[in-house]
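Labels run A, B, C and D following the written order; every chain starts at residue 1.
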């Protein structure tokens, strides 16, 4: 089983630069998370964007959509900033024939208390268990694209009443 | 969404007692793992057994099966030692109408390098995504009960050729 | 044995705010580090400043000096940003009758790979072992105030040739 | 500055073998702890014994003493099991002209909650700050050999009233 992982940046990849006393989106961390264990899956990491998701444009979303569309594999994970993850999920619904699961983290993967590793687990478990479609895996829940929002005040993802 | 978690012991729950310089199966750790993050799921932990899975008897497996059968919820996780997890999965196939996912860890959850947290994520993602049935979530893979074995030499779970 | 710890901010205390996607100097972390273990020392944490050390002024250094001077204890730790730690150490040399050890971290204490905990250990071991004076404990080394500099390119503290 | 580190085993080095569901004293972990950071010290690790300290004999202690005696360096750390660390410290008092600091951990270094890293920091800070002699660095305190005991019930090292 192979999973292709497309990385768009976001909090999960944020790192701290001592030299600048600054915080920036660094290289994708999901590869390191998955390499830490002896897994029985193959995966390939594609670094598409390195953006805070508040700065993502529709053009960025299209770039991501095109990159995923041309991938021959149908098991797809996407790491993404949390603030506009639901919007990107909507854009990716144009892709058919694949199971696409977006996830990210509320705290950088480099943090001791980060949810990145647990969330990566959720997404890996979900992507191989779900039918075709686009999903968000956050807060321990699998949501369908279009039916999910980030509750910023509470710091959790939840069902969006339509 | 609520998940009921039945705990049977195993490596995931092993702790070190300085007083005895010994290693024993302690209290279930899965609750602490899930409480570490702000999740949007409810869960209830049931401590059924505290055994190294090599010491589990068929009577133990029946005890576990009965405990799960009487639970009104249909989303079930089971934490279990890795050595006989496939055997227990076979026993649990007698239960119908539920999605049951077994998982554990190759290293105690107390370890810095433990796979417990990632595996818990996989199982949480899988249990809400899969149809009814009994599954094992280990090594980043979801296996159907009866079609999985532990490769002790490699330290991974893999498909059992029938 | 009691140690008084005066906190001036710096990288060691930097935290990430998801709401703002920003990085700021938070509450002192040294207390949590020391409370994590069963130690046989008493300590008291004094939060004096919360500044990136590049922003510290001579007035800030005097505030810190005055706070330490009025403390009746003679075992003193100071947590501080790394960039101007040597300058602050020079200022603190005006205090007599105390052993004062400054330390900080190259990565925030919240980071998995942070040196904060190890550095805190070095400083605790040193402060009770050294004669009166002002010292910097960084990079696993104890330096005398006035004879130390930060090598920014290498990311280590080293002896300053006079 | 160079520090020579002699390793005798103990809880700090205990590891878990999944294959045997057993717990044994493994390779010295102190090297990995010190290599994790960019330090400005040189160190050399000498693996002398791999024993639970309850099993150490006077012959073992003499072996350790001889190994340290022949080392040309005068900055010496010793990692050791906690139960008989005070006895070994007494034996090492026969060595003159060196600063020797013993330390260990109440929980294996592989544990998330281990005190190994903090204790290593304390010992590194102390060994370069103390006059010649033999010391134990545990529970955040530096004790002189012969004036220290382990309080097993409390899990801390404390001053031994003579």
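Quick notes on this structure:
The criterion applied here is as follows: contacts are C-beta pairs under 8 Å (C-beta built on N, C-alpha and C of every residue); 3 or more make two chains touch, one makes a residue touch a chain.
In UniProt terms, the chains line up like this: A, B, C, D = Asparaginase domain-containing protein.
Given the structure is predicted, the values throughout are model-derived calculations rather than measurements.
Over half of the residue-numbered contact pairs of C-D are shared by just one pair in A-C, A-B or B-D, which is A-B. On a Cα centroid basis, the chain most remote from chain D in this structure is A. Taking the mean of the C-alpha atoms as each chain's centre, chain A and chain D sit 44 Å apart.
Inter-chain centre distance (chain A to chain B, centres taken as mean C-alpha positions): 26 Å.
Spacing of chain B relative to chain D, judged by their CA centroids, is 37 angstrom. Those residues of chain A in touch with two or more other chains are numbered 106, 113, 155.
Working note: touching chain pairs come out as A-B, A-C, B-D, C-D. Chain A meets chain B in the complex at residues 1, 33-34, 36-41, 106, 113, 115, 117-126, 128-130, 137, 139-142, 154-158.
Chain A meets chain C in the complex at residues 11, 14, 16, 18-19, 21-23, 52, 54, 82-83, 106-108, 110-113, 152, 155.
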